[in-house]
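What follows is a group of structures, each given as structure tokens.
Each of the next two complexes has chain A plus one other chain: chain B in the first, chain C in the second.
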Partner chain A sequence: MRASAATLAALALVAAGCGHSSASKQRTILIAVDAPFSRSPYIGNTIANGGRLASDQLTLRGITTGGATYRVRILQLDNALSPSRAVANVRRALREHATAILTDGTGVDAAWRLADKQHVPVCIAYQGGSKLVNPENRPNVFRIAPTDHGLAFRLAEYLVPKRLKIALLTDDSDYGQAGRDALDDAFRTVPKAVAARITLPASASDLAPQVLEARRSGATALLVWARPAVLGKTIAATRSAGWHVPVYSTPAAEDPVVRQQLADHPSWVDGLTFASGRMTAELGPAPWSTFEASYETAFGATSVGVKSHGRRVIAPPDYAMYSYDFVNLLAAAVQSASGTDPAKVLSALNQVTTRGANGDERGFNERNHEGVVDDDVYFARFRDMVFRPVGDDPLSSTLPEISQVR
Partner chain B sequence: MSTPAAAAVRTGVALRETLASARESWTDTATAGGAVAVAAALAPFVLGGLIATDTLASGAYLALAATGLGLCVGLAGVPSLAQGAFVGTGAFAAAHVLRHTQLPAELCALIGAIAAAGLGTAAGFAVRSLDAVRVAVGTWLLSWLLALALGALPWLSGGAQGLVVPTRRLFGFSPTPLVHYELAVILTGLCALALVALRRGPFGLDLAAAARHRGAAAALGVPMERLRVGAFAASAFVGGLAGGFAVQLDIVADPTAYGPLLSFELLVAVLVGGAAAALGPSAGVVVLGLIALAARALGGLAGVSGSRFQPMLEALLLLAVLTTGGNAFVPAAIASARRLRPERRRQSRPAGAPARRRRELLRADELSKRFGTVTAVDGVSLELMPRTITALVGPNGSGKTTVLRLLAGAQPPDHGRITLGSHELTAASAAERVQIGLVRTLQTRAYFGELTVLQHALVGTNRTRRHGGAVRALVSTPLYRAENRLAEAQTFAALETVGLAADADRPASELTGAGRQRLMIAAALATNPSVFLLDEPSAGAAPEDLERLTAILRRLKADGLAVLLVEHNLSLVRAVADETLELELGRVVRRETNGRL
Partner chain C sequence: MSRIGVLSVFVVLLAAACGSEKKSEEGKAEKECGAAPAAMAGQPTLPAKFPTPDMVTYTAEKKTGPSTIVSGYREGELAEAFDDYKSAFSSAGYVTKDEKEEDDAEVNFSGGSSTGQVKMIQSCKDRTTLSITIRPQ
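Up next is the complex of A and B:
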């Protein structure tokens, strides 16, 4: 009898233990990364790696809320820059009960509504089109990346006081066309600053005719808003013609493709100036350095494929920082919502803030779904295949130089 | 009986006839096809855990587009590489209509299909007379043109984000992937049935004849170019319909989705699955799906995207199919099944004598034809009387075949006039002359590929049919079926004349050379001519074949036909000819009667 009672007691304990285990069982926060891994691997991998770094750190640290422990998992889906594939990817993500979708921006116009029906947030970590994000009409679409509007207005703000006659060169890709709209908007009030508006055919092997047209217009500066390969060809056409005009551009300039294209003429890259989201914040370079070190430990440094003074040049993971920040923000939202209930997580995303990889505070609210404000756009200039912040812009001049050689 | 009651009775009779006809023509292949259709309809419920329904629905729309392409490739023998462009045209046209109007979703898809059919008609017109290689290149360029246009015109394509399409109910249902899938399966099934109906009907037989031997088909009056344009238009319509519905499943018209690669994949699907079988293109799409899985696995091993391997594997598969004799999966499976379990042969022969055409006199006056500086025919005049055999003899290069071609309308004369009874034929096309009653056979022993002996001869009857159009064939109207019976009777009569009635269900490829020659005579006879032009029918004939040919020619004469026989074999001429004209350097140098030479 006593033995039976002991057995019963032991069973009760086991049952209690099981019950406790079930209450704190491990659950998953699934984040689908929908990006062009096959067509633009640099962009796709940058977004995915940033997200994966954050997910690994969060899983290691452990997210416990609502009586459950969560691990974060990244589901990588290739959209190949195709909107219909992006829609199919979003459908798959929703079938697999993804908590959020992280995207470069491809197909968001079509796919956001599908995600919205299930209250799943979609975060854009690359494209800057102004129509993509609108908290009123698209309550589940967020962005952590510089906007086209921000880049264009900061470029105008930076260039107009220099009294330059600027030739606006945009390529005929969608990226270039969106840029042209943003530049037209930014330079509307200063038409005299614009010497010419020229379209660059993205498929042309030689852009000398377009560069000659810009030169004949009397331009004293070129502002090129084009895909990296087209930017490289434009610089080559300009410099090979012996025209030493200053060239300004967008974050496309920091894509390794540009420097690889011009590797035989490193001096042609010198002076190329571009606008992008700043890597460091008021807190100084320490948070960024920590993030960069973690990134390189996890994935290795992204080699550009060129050398500077005999040392290997690497690309800093600045855009990976945005996807990294979103995953952390999502984890904060899950904690705030005490679980992964989609509607609650979506609502919480409008409330929570986190400290970003560069030390900046990241967060959204009901009226603003932009994670990078226009004032965070800085300017950098290339010399010896690496870039450093310019000194003639109030914001940029305060930013530290980030080492890009290993 | 009141009019509605009479109509009801007629409808009942027609329905009974339809059922009886369906029962009679039901085969093991049809049973297998039905089983496949049922399995396809149930697939989402069985494969739900393995393959997502939206993926299945996309594949089903691809199968629909491929089945449409099967119409062009399988029936017309035209390797179109523009089906992707037609799907894209349907998709973007439907997307624009959906965005700018409140029209129902089905109507928008139909408008997309009509837009695609318009483009298909234009494309078909452009390539109507080109050979297969040039058709492939031309249509491939069209695919590129559409892709470039979509890339260059953001107002048309919606740019990188594509054109977002509003969702509307489909046939009263919420447009879920499952509804799209079932709709796509139904449409693909209907398209496959249409393919079968067209293949068996005059449209399909004419296309098959034109695809296999253009010259012989032209001699029978097959309007090849018009049929080819029609096949392109129909193929594009189906492709456009697939695009118009698929874009509603995707909820975005994607400018990157309709490039030349899609056209290539659709052609691969048709060739791999089998253009000759109605379900072949759908089977090809399933194979493509398996290739995508294999490519993904390979990509996983290589650490790159599977999409980089997919076109390569597809090209390898296509090469494998083509280099192993082009025997695609479904036709090969059907052939194997038939070897194991042969289909039952037709037991009864259709009865009923065809109405004979009125026999008339063909008159040619002062026909002349020059080729550069060479005068091939110089002022030839002749009369072909009913119930008379006229022989045209002469050395090689004397102009015999040219006279025949001028009479048949294969070439226009430079001078001269041709009449048949009260009909003026000088400017008439070959097809019009066949309709009026003038037919010709070729010197070569041409035959139409895999068609049976009966189908071969049936091609001849198509010129005189009034209710044999493609639409009537699709819905199998009572008039169409009645005319079918008459055409078969007419054809059997022609086959009996040449001694091939017992071989009606055999493939023509199994006949001897002389047998094929007689078969083409039967096909020409099936046009119900009053004037028959024969170009060296005895070429290569064995003695026993000559005897049979002599008997056939006498039978033609006895039936009241006017026969012009171009012949080298003078003993045959002596045996049958009532009048003999000898040509030399394009001129008639001698006329003899009663076989004297």
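Up next is the complex of A and C:
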């Protein structure tokens, strides 16, 4: 009996081995996430978690193409908002044969060429600078995030009809300077709406002089395009001076850092209005809610560190859906290319489309590498430490409120 | 996943299923069309080589800050309007990115020193409403 059992076991092993022919060879799609984990953890973790959620789902579902089965792996690399570190990270990603690089946008101006030499796609999932993406000059650079052009024009379209005199405040970071260029474009034909253009030194501990300059210019609104900490300092300088001017901003306003900085004065956050990419699509909130629930199950809700009416405030994973969508697009490209040959995958990225986390169609083409269109920029306003779509913009007024307390 | 976790996901999904922007649009494509809106006096200011497919009527034009919004309609169904705009933009040398769903569609364009979007909604059986946003580049 013992011998028969052994024979049966051996046969079973042989049979199992037959199943592992070349048709089920295990391979890896490696995606390097180059993001500012140490300097802007909210942005870094949002991008990485979105990518990781998609990679886990894809690996579980299985990607089989070209006679191999692929799992997706995320390699996390901290650029600390430093272009030189971003370049070093891209070099490492290429050494490790990454299939693609996901980034917040830091250092792309220097790093894209390295990746392009090996036909490796780079996808920006946060920064919107218009010069970062150009399919003709940078064929391997893609973006799924609102563009600065879209944010600036939508802000101008929203604010100018209100007959405000706007002080445009931009910080001296790459982010702020790209914003300044975009605002210059958007307000070029409506110069009377601009009361002042002021640069905010990101390293200054007190921005009272710049706020005073804006006030003396006769501004009736501030449009602040700056990193979150600088935005928080600007609001603090404005409100502590007793100036109740309306403040408008970019997606930086959503960063928990802003609310954490102003946690001792919650009323200072009230009324802060910002432009960002819509979370839900025309299909309604169901796809977004499914995505958000999966995200929270996998990583937990991102706590902002403040409360609203006694309840814990969380940050919705809106930017995470962009990295999530890119990883799904990349998987579709690998499938279409029957493998991870870089040139074939890069070419396929111009052809494939997928249904994004919010139900919207995501995809690129040879002449357009932008995944988020300008008209998908909406406006939200803070009250009691959470934000809701505004009612005085045609698109925003149709969007549902996304719960931000747990 | 804990029971509470499963329950939370279920509640979120249920809540999501209850509200849908799309639902308010449902059924519009089956409605008979009323009288067509009046055409605007003159022609709107459009970018260079901006295409106007056949059967398009412009009804209004307004400035919104730096941008212009032109309203209008096209006689016929959404799918025809969508295909017409796509092909007309292509012939005019514009770069496009588009998306079409059951009752609405968008063609985003770049060209003629401008960017923007043609948004199309099938507002009734034989008419597709157009909203064209034009942003200077």
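As a working rule, the second predicted complex is superposed on the first by the 386 of 406 C-alpha atoms of A that agree within 3 Å, B and C clash if a C-alpha of one lies under 4 Å from a C-alpha of the other, contacts with A are read in each partner's own complex, and residues count from 1 in each chain.
One rule holds for everything that comes next: a contact is a pair of C-beta atoms (placed from the backbone, for glycine too) under 8 Å apart; a residue touches a chain by one contact, two chains touch by 3 or more.
Quick caveat: nothing in here was measured; it's all calculated off a predicted structure.
Student: Following superposition onto chain A, is the placement of chain B relative to chain C best described as a clash or a fit?
Tutor: Fit.
Student: Can A:174 be said to touch chain B (first), chain C (second), both, or neither?
Tutor: First partner only.
Student: Would you check which partner chain A:107 touches, where first means chain B only, second means chain C only, and both and neither mean what they say?
Tutor: After superposing on A, A:107 lies in contact with chain B but is clear of chain C.
Student: Between chain B and chain C, whom does A:82 touch in the aligned arrangement: first, second, both, or neither?
Tutor: first
Student: Name the chain, either chain B or chain C, that contacts more residues of chain A.
Tutor: C
Student: If we overlay the two complexes on their shared chain A, which of chain B and chain C does A:343 touch? Say first, second, both or neither.
Tutor: neither
Student: Once the structures are superposed on A, label A:241 by its partner contacts, choosing first (chain B), second (chain C), both or neither.
Tutor: Neither partner.
Student: Identify the partner contact of A:186: answer first if only chain B is touched, second if only chain C is, both if each is, neither if none is.
Tutor: A:186: touches chain C, not chain B.
Student: A:373 in the overlay: touching chain B, chain C, both, or neither? Say first, second, both or neither.
Tutor: The answer is second: A:373 touches chain C but not chain B.
Student: Quick one: smallest Cα-Cα gap between chain B and chain C in the superposed arrangement, Å?
Tutor: Closest C-alpha pair between chain B and chain C: 24 Å.
Student: Which chain A residues lie in the overlap of the chain B contact set and the chain C contact set?
Tutor: none
Student: Could you pull out which chain A residues touch chain B in their complex?
Tutor: Contact set of chain A toward chain B: 37-38, 78, 80-85, 87-88, 91-92, 95, 106-111, 113-114, 129, 172-175, 177-178.
Student: Which residues of chain A touch chain C once you look at their complex with the stated criterion?
Tutor: Per the touch definition, chain A meets chain C at residues 149, 153, 156-161, 185-190, 193, 280, 282-286, 288-290, 292-294, 296-297, 360-361, 365, 367-368, 370, 373-375, 398-400.
Student: What part of chain B is in contact with chain A in the complex they form?
Tutor: 52, 54-55, 58, 152, 154, 158-162, 164-165, 177, 250-252, 254, 256-257, 304-305, 307-308
Student: For chain C, which residues count as touching chain A in their complex?
Tutor: These residues of chain C touch chain A: 1, 5, 8-9, 12-13, 15-17, 19-23, 64-67, 95-97, 99, 101, 104, 106, 108, 110, 115-117, 119, 133, 135-137.
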